[in-house]
Structures are given as structure tokens and as C-alpha cells.
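The same chain A turns up in both complexes below, where it pairs with chain B and then with chain C.
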Partner chain A sequence: MDLSFLAIQALNGLSSASSLFITACGLTLVFGVTRIVNFAHGSLYMIGAYTAATLVPRLLELHFGPVTFWAGILASAIIVGLIGVLIEVLLLRRIYGAPELFQLLATFGVVLVVQDLAILVFGPEDILGPRAPGLRAPVEILGRRFPSYELVLIAAGPIVLGLVWLLLRKTRFGVLVRAATQDREMIAALGVNQALLFTGTLFLGAFLAGLGGALQIPRVSAHAGMDLSIIAEAFVVTVVGGMGSVPGAFLAALIIGQLQAFGILIFPKSTLVVVFLLMAVVLAIRPYGFFGRPEAVGGTHAVGIASSKRSPYAGLIALAVIGTGLSLPLIGDAYMLKVATEILIFALFAFSLQLLIGVSGVVSFGHAAFFGLGAYGAALSLKWFALPMEAALPAGLLLAAAGALLIGGFVVRLSGIYLAMMTLAAAQIIYAVAFQWVDVTGGDNGIVGVWPSAWASGQVPFYLFTLALVTIAVLLLMRIINAPFGYALRAARDSEARAEAIGLTIRRHRWLAFTISGAAAGLAGGLYAFSRGSVDPSLLGIPTSVDALTMLLIGGIQTVTGPLVGAGFLHVLRDQIMPLTSLWRLLLGLIIIAIVLVFPRGLVGTVRGWGEERS
Partner chain B sequence: MSTPPLLEIWNLTASYGRAQVLFGLTFGLHAGEVLALVGRNGAGKTTTLKAIMGLVPATAQKATFKGHSLGRLPTYRIARMGLGYVPEDRRIFTDLTVEENLEAGRKAASGGRSPWTPERLFKLFPNLAEMRGRRGNQMSGGEQQMLAIARTLMGNPDAILLDEPSEGIAPVIVQMMAEAIRAMKAEGVAVLLSEQNWAFAAGISDRAIVIERGEMRFHGTMAELMADEPLRAETLGV
Partner chain C sequence: MTKASMTRWLALGLALAFAAPSAQAQQAPIKLGELNSYARWAAFTVPYRSGWQMALDEINAKGGVLGRKLEIVSRDDGATTGDATRVADELVNREGVSLLFGSFQSNVGVAMADYANQKKILYIAAEPLTDAITMAQGNRYTFRIRPSNFMQVGMLVDQAKASGAKRWAIVAPNYEYGQSAAEVFKRLIKERVPGAEIVAEQYPALGKIEAGATVSALEQAKPDGIFNVLFGPDLTQFVREGNTRGLFEDATVLSLLTGEPEWLLPLKDEVPEGWTVTGYPWDEIKEPKHKAFVDAYRAKFNETPRLGSLLGYMVVYMIRDAIELAGSVETEAMIKALEDTKFDTVIGPVTMRGIDNQATMGAWVGKLVLKGANGGMTDWSYMDGTPFMPTEAEVKAVRKD
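This part shows the complex of A and B:
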């Protein structure tokens, strides 16, 4: 490892920092003005790469020289900017006042829609773009060859930073954007049309995402899946830098670029872990990142379960549900039982999340972490210690609870969007460990052969076993929700200051709730591992977290039974429709968006709303 | 006064959720006059101003400005018609410099009047001239109040809704506020002034409205209100 090698690594770090900054800069600008964390920002980046990889080769065929390459990159970024405008006008504009959970979910709905649309438009194949004319030959630096295109990228980051700085400091648009970042209502009272300002900001943000993606085409081929990998990194950059701060994003991107470039030398497989650990450490020390500021609480976070008169039929309904559950083996076939088993498991998973979101107001975006920890805990103890199911399930539950205890310690110090991002990061760390620590976890392939003990194998016994465990766990959670502990959590959710003023130790309560919720999710994960016979890293991924959130959303965040209904609904829907269409994600995305826009109270909440109106 | 008022409000009501706070206010604001809206804390003064600006949900039988209905227009359209608003808590953009705050408020002048420029405003508020590049978060309350008014004047309004300009600032600056309001008036700008500081309001206003628990108790000239001691004692405690 000599000096020249270190220099090349540092340059590599700088060029990936530049690329990351350009994309993250757009994300942080959009957040600053609209207060929406746009999950679809990664999708815009992906569209930028696909568009450029498709467009630039055609332009180069015209033989106008190297300038066509850059014109193509710019044109792609502009196209993406216009798509950003479309997203603002059609969706974001309608949810500026919505709780942040809904905003995150709705923009994740866009992610799903774009994933399928991108395949429809650009085809399923990866597209490798052309190399930049005039920059094909490497340059020699300290006796080593270094791609000259990377040098251009290194310069691009500071250039974009400079231009954005000029735009924000020296133009009227910039003054208004910065003013709106602070006080949107006041800007309107001064006669500024916020809608135009927001649309303009979205254009700028999407343009930068598209530019970030388009600039990648000589380095990596455009492919499906770029969206979620870049968005995770861009989240880290914006959160570490301080949400809304452009210089913060630049600094964070520089640090992360170097960390990745040199981290790969020390821990060859741990680049993802290193990045997310950085975020965890920074947030633990500075809860609002380098240059971020506490959010002005808009009072829109808190949505959740309210106290309501117990329905006189509650007991009857519970009995009917359990009775139906018990009699299902008599009427259902094996397939139906398998589906029912999975619904029960996901119901418990979603219900455990309800304790966090609906009851505590803790918007976790990484609940898959505990589901996955439970599954892996069970699978690993079976594989490495040859424990039977009866011991492996509690082992999984304990692992998940321990993980939640550890992560919760960090998380409960935060609030709002930073909290959501921290939970997301925590889940991504665990995902990265499961994915990259191949020797222990089996990496991408996961662990197979996770079968239940003999007495519980077979569809009917395992179904009944699951039914029993889920019923007990849900009843326990309901008991917690309706105990003084649950009241305290709800008080803290609705008004932190008042709850603290009457002497509640909010952090400790939330920490305990986080741990309990993690343990319950872990039980669900363990059961899931045994029901499928295998585990793999996807159980820990963002889509799994979003699944739980979607179930909650479909059922209704303000209701106790919502998650159960939501789990059943989503599962059946997926089961029925997925085989029929290749556009399942598009459909699911549209469903999520529609629920946020039209039925924000979910199925159970809407039905109950009708009842309340009548009475 | 024979000319129709600049701002005409008929039967204004407003509610926060289920709690109604305004119960049918009717008044007009004429060009070039200062109309004081006085009453105790919580009487509904701030809500009245916010309701006119479309910042809180409200209903009115009729609400017009320069003869055009305010209806359910969004706030920015109301502001663009020439109605300026200076909120009670000032709401300066603290990350922006004095000059940038003024820029954020800039709108073209509507009619032949000579437009307000930063230079003219610096003459009106000399303190601001010395801190053009200073950020809002490094200014005193009084300086922020001046900036808030100057920022709204940059929009060249025909009328200004001014919410508690004397609140929480030093007496010497309250004097400057009074000067500024007189200067606006001299320019032909109408001012609807919500105020708890009776002496301040009495010194600069032509007419007054007294509101109590969301209802109008008095509507007339300042001289009449000065003369009606029992009413003042009952509703304002002065």
C-alpha cells in the first residue's frame, strides 16, 4: 500500500462523493422547502440514468462531436426535472399538510410505480451507456492510471455546489426558496404563490437527481434497483449533513466517499455497514446532523389510536374471529391454511408496528429489522446450535428484542423525520450484515432447511400453533395499549411537552415500547422463518418495512384492529393479483397512493367513521 | 365618508374547530385612515386579521377589497391584491439578511404611487440601514418589528393589517413605530391596527373598533371612544 495507491483511492472517494452529492443535493433542497422526504428521489435518479443511456448513444450517432454527449446528459436531466414537476402537481401538492408517515408512504408508492414503468419503457435489460468522447483514455497520476472521466466527476460536485449556492444566494428564486424553507405561510402572506415555488423546487431537485443518474452512465449500466440503493445513500448524506442544508450534504458526501474508498481496504465487505454506522454515530452526537436544525413541530405528526368507547360487540367480534380461526382447518384446504398462516404472521408484524406508530407516535421506517432479526435468530440457532423450534423461536425473539433495545436507545433521542431515517438506517445496517457476512448468514442465499419440530410440522398443526401464539401476543399487546403505560405513550405522542410536564419519562417509556414492539416483530419473524423453511436478506429490506406500514395504512392507523384487517387484505390482494399481472408493483404503488389521498383513515377507520357519523 | 371603503367586511365569523371565536364583525377600512382594533387579550383581534388574510378558515356575508371579492381566495392572491399583513410574532426570515427579507416581500406597485424601495425604507427605519447584511436571528425584537413592517411595505400595499406592533419592544422604538404608521398614512396607505397598548392606539388612530369575546362592542371615531369612559373601563380596563 504505497502513496500513489492511497492517492488513487482518495480520488475514487472524491468522485463517488461528487456523484452522491449531486443527487443528495436535490433531495435536501426539496425537503428544505416542502418538508417532504421524497422516497421517489432515487427513482428520478434511475430514470436519469436510463434516459441518458438510451438517449446519448442516439445523439452520438449524429456525429456532432463530444458536445452531443454533454447535451444528452443535460437533456436527460431536464426530462427528469419535468417528471419531477409532474409528481409535484399530481401528488406532492396534495399531501404537504399530511402526517410525514403518509408522505413517506405515498412517495414510496411512486417508487413502486416507477419500478414497473421503467421496465415497461426501457425494457428489463441493463443498459450500458457510451463512454464520454475525448475522455476514454486514462490519465497517469503518480505512475498509476486513473480514468479521466472520474476527474470530470470530481469537478462536477463542486461546480454544482457553486451553482446551487449562487442560485440560492443571488437570485430572487433563491431568496424565496430559503424564506419558504423557514416559514411557508408567511411567504404566502407576502404574496408569493407557493405552488409555483414548490413546483420550481421540485424541478430543480428532480433535475439534480436526473443529472446525478445521467452522469453515471459511462461508469455503471442503468439497471432496475439503482433507485433503492441510491436513495438509501442519499438519505444518509442528507441526514448526516442536516436535512435541508446544501453545504451539509456536500460535507457529508465527502466524508462518506472517503469512508467508502478506504473502508473497503480495511473491511472489504462492510462498505454499507460503515456508511450507516457513520449516520448512527453522527445522529447520536448531533441529532439534527451537521448543519440541521430542530424541526418546527407542525402538529401534523401525531395520528394514532384515540380512546374510544369500547364497542359492545368487541367481545363477540373477538370470539367470532378466534372461532373462525379455529374452525378453518375443518373447511380450508392446505393452500388456504398456508395463506392464513402467513396472514396471521404478518398481522402480528403489523400489529407490533402499531404499538410504535399508532400508540407511541414513533414513526419507524425500519421495522423489518426486528422481523428479520427474529427470523435470522431462529434460523441461526437452528443451523449453528442445532436448537429445536421450541428454543429457536424464543432465541429469535430475544435477538430481536436485544436489537430493538440497542437501536431504541439511539432512536428515542430523535423525533419526526430524523427518527424515521434513523430506523431506516438501522434496518439497512442489519440488512448489510446479513447480506455481506456470507460465512455466517449465507449472504444472498440465506439459510435453508428451517423446519418446525415434528409435532408442529404439517399445515394444520403449524397453523394452529401460529394462531395460538399470534392470539396470545396480540392480546398482550392490546393489554399494553390499554394500560396506563399505553396511556402514557399516547399522551407523549399527542404532546411531548405536556406529557413531560406532568412527570412522564418519555424516553424511557418509548424505549420500552420500542423493545416490546421489536420483540413482537421478532416472534412474527421467527414464525415466518419456520413457515417458509428459509430466511434471506429480503426479510430485512426496505420493502418488508414498507409492507408492514402498508398493512397498517390499509387497515387504518387510528384503530386497534386495523393492522389485522390490513394484513389480510394486502396478503389476499397480493395472492390473487400477483399471478395475473407483471405490473404488481405498479398496482400496489397506486393502491398506497390512493389510500393516502382518499382513505387516510384506512378500511377500519373509514367504516368506523361511517358508524360515528350515523350515531 | 362618501367613497366606498377600501376594505369592506360584512358579518365575519371564524372558528377553531368547534370553538367559534368571531361572531359577525362588520366594518370598513377607508383609504389613508388608521383604524384601531382594540380589546382584551383573546378577544379575537389577531383572528380577525388572519381571517381577512385567509390564514384561518372564516366565513363572511361579504368581504371585498378595492371592490373585488376576497371570497375563498388563497392567501397569496389576497396579498397580491394589495393587502399587506404584519403578523404579531413578526415572523422574520431569520436565516435571511435584512436586504434578503426585503427582497422576499417585494412586489410591483399597483397604481401611480412611487414604489417603496429599500433606500426609502431605510430612511423610515434608520436602524435597519446600519444592518443591511445582518441576519434576522441577530436582531433585537424592535429591529425585527421594523423589518417586518418594512418587508410588508416592499409589497407596496394599499392597506396593511398590523398586528400588535408595540408588543414587547422598548418605548423608544414604540415611538418610532408611531412615526412609521403616520408616514404610511401620509403615503395614503390604510392601516388596520390590532393593539392592546391603548395609549399607542389612541395616539395614532382615526377610528376604533372595540371587540370583546369575538363581538363588536363599539364602532366609531377615536374621539367618541375617548369620550366614553364607562365603555373603555368595562371593555379595555383603561
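This part shows the complex of A and C:
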């Protein structure tokens, strides 16, 4: 490897770093002021790219020249900024006080809505933008050619950093933004117009996201799917840099850019892992990133199931539900049983998450990790050790529990949004491993041929088998929730300081809860693998985690039975609506947003609320 | 626009009014299950859907098959193995379809083949190209129409012999299709071009290429031949970076599928001229039957055909012929009707070889050239698939059935 090659590769790294920084900078500013982790930031980036790739060629037809090109880029960024304002006014403004989980989910709802809208507006095909006029020819660096546009990108990062710095240091708006980043309540008390400040910040953040996207068009074609790939990296940058810190984001982007450029040489097949590994390592050493500060204590808005007297009919209702479940094979056809099997599996998955979020107040945004580990554990032991289903399922459960034990050890040291990001990072690392360790996991191909043992291969036996396992697991989890252990978790959730004062070991309790929850999710994952006959990395992806959260949310986060009802409701809806429309994601996104805004207590919670009002 | 749709509604109303009594007397339609990645790979699959829709309309206008109309129940397969088998289950169990066809990605195709084998239902893999579908993972329920990686790479390698390139670099998406193509290429280039060696390999994740870094990593190895398997958004980025950095200037480039309009058109005027590719020069194919297909397609959809359009059109006609020959929609009868049968298609006769359930459909091989604002193919010829298929012994050595 000669010097000129290393130099070129470093320049490649710098130009990716620059693009990444511009986008992540907007994310970190928005977080600093509003305390909302905006999943939709990636969607804004995507809209920026689509808008520029559509707008700039039209402008160039009118008048060809560098001025037109850059004006088009700027115009696209401004359009995206205005869309950001729209999102702030319509949605974010209403959820500043909501629990973190609701904020995360609401912005993810926006992601889903934008994915379908982008395809509707810009068409399904990828759009490659025009090259920048005047920057078509490469430049010669140490005897190698290098695209001149990349040099412009390399310069753009520091320029944006400088401008943002000037804005923050030298203007009144900047002073207010910095003040809000430090103490939001205080500047509200001092009479600053918060609405205007937040809207302005959102405009700036969205503008930067749009700019980041628009600058990409000469090198990357605008396509659906850009949103999730950039948001994952932008999260890493903001978290590693310290949330809310602009220089931190710059430093983190530089490191990640170089890691990717040289990672491709050393580990050509594991480019995705290194980025998230960096994040996990940084968080393990510095829980608040390079330049982040601990969040203000008392700022957690934990919501969860309350302690309530058990209904005298609870036993009867449970028996009735199980009885109905048992008699289903008598009335349902094969397909109905298939759907029922899946509902049971998802119910267990969502319920295992309830133990973390509702009971322990640990907001996990990467629960798919354990669902996927369970599925992969079962599939791998079937494929590599030829274990039958009866042994493969426990193997999957054990793998998931071991994964949860390991990850939980890191996670329980954190709190709030950093905790959620750590779980996300963990899930993404496992996703990347499953995706790129092709020799073992089959990579994108997944593993096929994961069918149940002969006795359980019919639809009816497999359904009954699932029903039995899920019932046992759910009853066990309910027992745990209502045991002293569950009460200790709730105490820690509601007041960490008081729980500690009475002698509870909070971290150890949470760690154990994390492991139990992971094991239960792993069981669900293993069953899911056998019900579908295959596993693939999408089981570990962000959308799977969001599915579990949505089920929890639909059912109602403050109730024990909420996740079970939520799983049934969402899955039936999906099964009925998905074949009818290509706009399923739009619909799902709107449902999520509607629940966050209108029914924050979920189905079960709302119904119970009516009952309480009446009495 | 309004007028046309008005007429269409009137026609539909009339048809319903007159057909109602006789429709009741007629038998229920034959349901075919179709699944494909309509959201993820719209560039290929949307024209593909237009293609099968056109064939379906033509067949039903002529009275269907076995006196019954054909009906296609179509779903999105989500472009993942799990979603695809889930959707297949829905098609089979809820919709009660007689057979399944479709899918785009090779990994999804392999999962579908496994599903077909498990549930004993006929699956016709129209597009997925990996060899596994008809070789190692092949089974008697799974059939494929498109020429496999082994066949298409074989055609390209034969073209490469004359170039004299010896130092080869490979760039391929890191999933079933790319892995399978790279493996075949490594084998064939060593067998057929003495002294050839592989000097660099890059496997970016599908849809996640870091084009700049990938191009400079390839450049570093100074290859005089490049074998490309990228397609879609990965390809456009790779080509633009490669053009800028002069990667292709002194190299012979072999590229799978790049001559197909679905992947060629997004490149616009940056078409890398001189690449040897497999593709589809639809506007230059002069056979009358094919020309009639193109004219009808353009009239119906006001759009030029892609390879997907042709494939969708061919598949439905082949299914129609097979059902007619079988005389029923029983799986076993249809399998028997498909095996070793010669089908008359718009691109000429295509035989479904019985030992590996691989059709002899060929590919158009030529060089890329810029024609006006877009790319096209030149010096092309249609190569029938038959001479490029794996031998009977090779098939028997790897297939498990």
C-alpha cells in the first residue's frame, strides 16, 4: 500500500465525514434545544436529496452554470427547512412534555409516513442528480485522480461548522439556543418566546439535514431507504460526540469517516459493524459521549404500569382467554391458525418489552436484538449442529439471554436517551454481524429450511405448541411483575433516589430484568423462526424493534394486558390491510402518531379510563 | 384521459351486464399467486407487472385456459426471505392459489424454493438468477425461466477471451446473487482463460456501497479486467465514481445485466462505453413476434419495455401453456407438463430442461454505447441458453433430488 493510496483513502474518508457532519449537526442542535431525538431527521435528509435531484436539473435547463447549481442546492435545503417547521408546528410542539418513548415513536411515525409519501411524490425509481457544473473533471493528487466535487464537500464541513459557530456565538438566536440547551425551564421562566425559538431551531436543523441530502446528489442517487441508513449513522455521530454538542459531532464524524474509509481495506466485509462498535465502546467508557453532559436529574418522565388491586375476575378472564385459544383449531381454518400463531408470538415479544419499559422504566429501542438472537440461535443450532426443534428453541432462548446479560451489563449503567441509544447500538451491532458475517449467518440470504419437527409441522399442532409456550411464559412474567422483584423495579422506576435509600440494588435488579426480558423475547424469536421457516437480518432491524414498541403503545403502556391486546390488534390490522394497499407504512405511521397525540394510554388504558370515569 | 376512462367504464358496465348470466354458468377462475419486490425494486418489477398484466388481459380476452379465466393475486414480497414465505403462505392458504411465481432477489428466490419444497407447491422463479435455485437448492417443485448466473457469466467469459486481460478484479453485492456470480466467474475465468488471476475483490452490502472507497480499493490492485455484478443504485454510484477516477479506462469490463434498460437508463449520459454486458436491446430486435409485443406494450402503457416487461409477459404465457398441456391445475400434472416441454415464446422457442428445471432462455450479449442522451447496446447478438447450461453430470453431482 503506497502513500498516495493512503492519502486518497483519507480524502475519501474526509468527504464522507463532511457530509455526515452537516446532517448530524442539525440533529444534535435540535436535540440540544428540544430534547427530542428526531428519527425523522433522516427523512428530511432524504427529502433534501430527492428535492435537489428533481429541482436542480430543471434549473440547469433554464440556465446552465455553477450559480444555478448551488442556488438549486440552497433552495432545496430551504424547502426542507420549511417542511421541518411544518413538522414542528403540527407534531413536535405537542409532545415536548411527553415521555421519551412517545417522542421517539412519534418521530418514527413521521419516518414511515415520509417513506410512502416520497415514493408517491417522486416516483419509485432512483434519481441520480446532475454533476456540478465546473466540477466534472477530476483533479490529480499524488498521481491519482480524485473527484473535484469531493474536495468541495471536504471544505463544506468546516464551513458549516464555522457558520454554525458564528450563529451560536454572535447572534441573539444563538445565545438563546445555547441557553435552552443548558436549561430549558430557566429560559422559559425568563420570558423567552419558546415557540419561536423551537420553530427556529427546527428550521435550522431541517435546513442542515436538507443541505446534507442535497449535497449528495452528484455522488449518490436519491432513493427510498436513504433515510434509515443515514439516521443510524447520524445517531452514532451525535451520541459519540455528546448529544447537543456541535464540535463533538464534528470530531465524531471525522473519526467515523476515517474508520469507514480504512475499514473497507482491513475488513472489507464488516464496514457496518465498525461504526456501531465505536459507539458502544465510547458509551461504555464515556457514558455521555465526548463532549456531552449528564442529563438534568429528575428529567425522566417514566410511565409504566401502576400498582393496582387485582380484579377479582382476573383468573376467570385468563381462563376464558386460554379456553378460546384452545378451541380455535375447532373453528378456524389453516390460515386463521397461522395468523393466531403469529399474534401469540408477537404478544410474547411485546410483553417481554413491557417488563423493561412498563415495569423497570428502561426504554429499550433495540429489543429486536433479542428477538433476532432467539431466532438466529434456533436456526443456527438447527443448521450447524442439526439439533431438532425441541433443542433448538432452548438454544435460541439461551443465546438471547446470554446476549441480554452481556448488553444489559453496559446498558444499566446509563439512563434516559443515552440508554435508549445504547440499546439501539447493540441491536445494530448484532444486525450488522448477522448481515455481514456471511459464512456463519448467511448474511442477507438468511437461513432457510428452519421447519418444525415432524410432530409439530402441521398448523394445528404448531399452534397449540405455541399457545402452550406463550401462555406459560406470559404467566411467569406476570408472576414476576407482581412479585416483590417487580415492585422493586417499579420503585426504582418511580424514584431512583428513594429506592436506593431503602437499600435496593437498582442496577442489579435492572440487569436481571433485562436478562429475563431478553430471554422471553428470544423464545418468541425462536418460535417465529419455526413458524416462517427462515430467518433473515430484518428480524434484528429497527423496524422490528419499532413493531414491538408500537404494539405496546397501541395496547397501552400502563396496563399489564396492554401488549397482548396491542399485538393482536396490530397484527390483525396488518394482515387485513396490507394486501389491499401499497400505503401500509403511511397508515401505520399515522396510527402511531394518532396514538401518541390522542390516546397516549392505548386501547386497554383508554377503555379502562372510561370504566373508571363511570364509576 | 377522462374520455378514455369513461369509455372503459361503459365497456366494463356493458360487459358485466351481458356477461352476468353466463358468468355464473362458467367455472371459477384459475388463481395464480404472484409475489415480487414492488416497493424495493420498482425499476424492474413495475414494468414486470405491466408485462404479466398484458399477457393476462390477452389470455382472458381469448377465453382463458381450460374454459376458465385466469386470475393473478399479486403481493409485495418485502424483498426479504421471511416476508416472502409469509406472503406465500397467505396466497396458498387464504387465497387458495394453484401455483406461485415471481420474486426478484436471489436470496428470496432460494427461500421460496425451500418453501415450495416444504409445502409441495409449484413455484416458478421468473427472475432470481443464483445457480442455487436450480442446482444445490433445487427441487422438483421449483422452475426458473431466466438464464442462471452460470449461463450468463459463461457467455461473458467467452467474450473476454479475446481481450487478453489476465488480472481480474471482482465487484459484487454481498448477498446470494453477487456471491454466486462471483464464485462462477472465478471458476470459469480460470478454466477458460489460461493464466488469469483474481487480484482484487470487493463485496459492498446490497444498496449500501461506499462508491469512492470501493473504486479506489479496486484501482489500487491495477486490474486489466473488471467483472461487475452491481446493479440498481449501487451501480449508478459505482459508474460515476469509476468514470471520474478513470478506473475503466484501460480495463476490459464484463458486467452482468447492465445492458437491461432498467439499470441502463438511470445512468443517463454517463454510460460506460465499451463494457461487455448482458442486456436487452428491445428497440433493435427485429423478429416480427417480438416487434408485435413491443408495439402492443407501448400502445397499452405508453412506455418503452424493460426486460422485466418481457419476462412478466413470457412467464404468464408459459404458465398458460403448461396448464393447458396438463389439463388441470394439479401440482403433479403441471410439473409433468413443464418438464422438458418446448414453449413457443415471443423471443422464440424455450425449453424447460427436466433434469434441473432450468429454461433454455438465452440473453443478449453486446457492448454498451451512448446513443443520444441515453445508453444502448451495440454489436449485440442473442445467445441461446442451451450451450451454456451446466452439463447433466454437473447437475447430478450437486442436486439433492
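Here are some notes:
Criterion: the second predicted complex is superposed on the first by the 610 of 615 C-alpha atoms of A that agree within 3 Å, B and C clash if a C-alpha of one lies under 4 Å from a C-alpha of the other, contacts with A are read in each partner's own complex, and residues count from 1 in each chain.
Keep in mind that, in the parts below, a contact is a pair of C-beta atoms (placed from the backbone, for glycine too) under 8 Å apart; a residue touches a chain by one contact, two chains touch by 3 or more.
Remember, it's a predicted structure, so these values are computed and weren't measured experimentally.
Contacts of A:Gly526 after superposition on the shared chain: neither chain B nor chain C is touched.
Contacts of A:Met186 after superposition: chain B is touched, whereas chain C is not reached. Judged by the touch definition given at the top, the superposed model places A:Ser16 against chain C, while chain B stays out of reach.
In the superposition on chain A, the chain among chain B and chain C reaching more residues of chain A is C.
In the superposition on chain A, A:Pro563 contacts neither chain B nor chain C. Against chain A, the residues of chain C that register as touching in their complex are 38-40, 42-43, 46, 75-76, 78, 80-83, 85-86, 89-90, 93-94, 106-107, 110-111, 114-115, 118, 137, 174-176, 179, 201-208, 210-214, 216-217, 219-220, 232-233, 236-237, 240-241, 244-246, 266-268. Chain A makes touch with chain B in their complex at residues 172, 175-176, 178-179, 181-183, 185-194.
Per the touch definition, chain B reaches chain A in the complex via residues 53, 55, 74-76, 79-80, 85, 87, 91, 93-96, 100-101, 103-107, 151-152, 155. Residues 1, 5, 8-9, 12-13, 15-16, 119, 124-128, 131, 138, 144-147, 150, 218-221, 223-225, 229, 260-261, 264-265, 268-269, 271-272, 333-335, 338, 435-436, 438, 443-446, 448-449, 451, 532-536, 538-539, 575, 579, 582 of chain A are the ones touching chain C in the complex.
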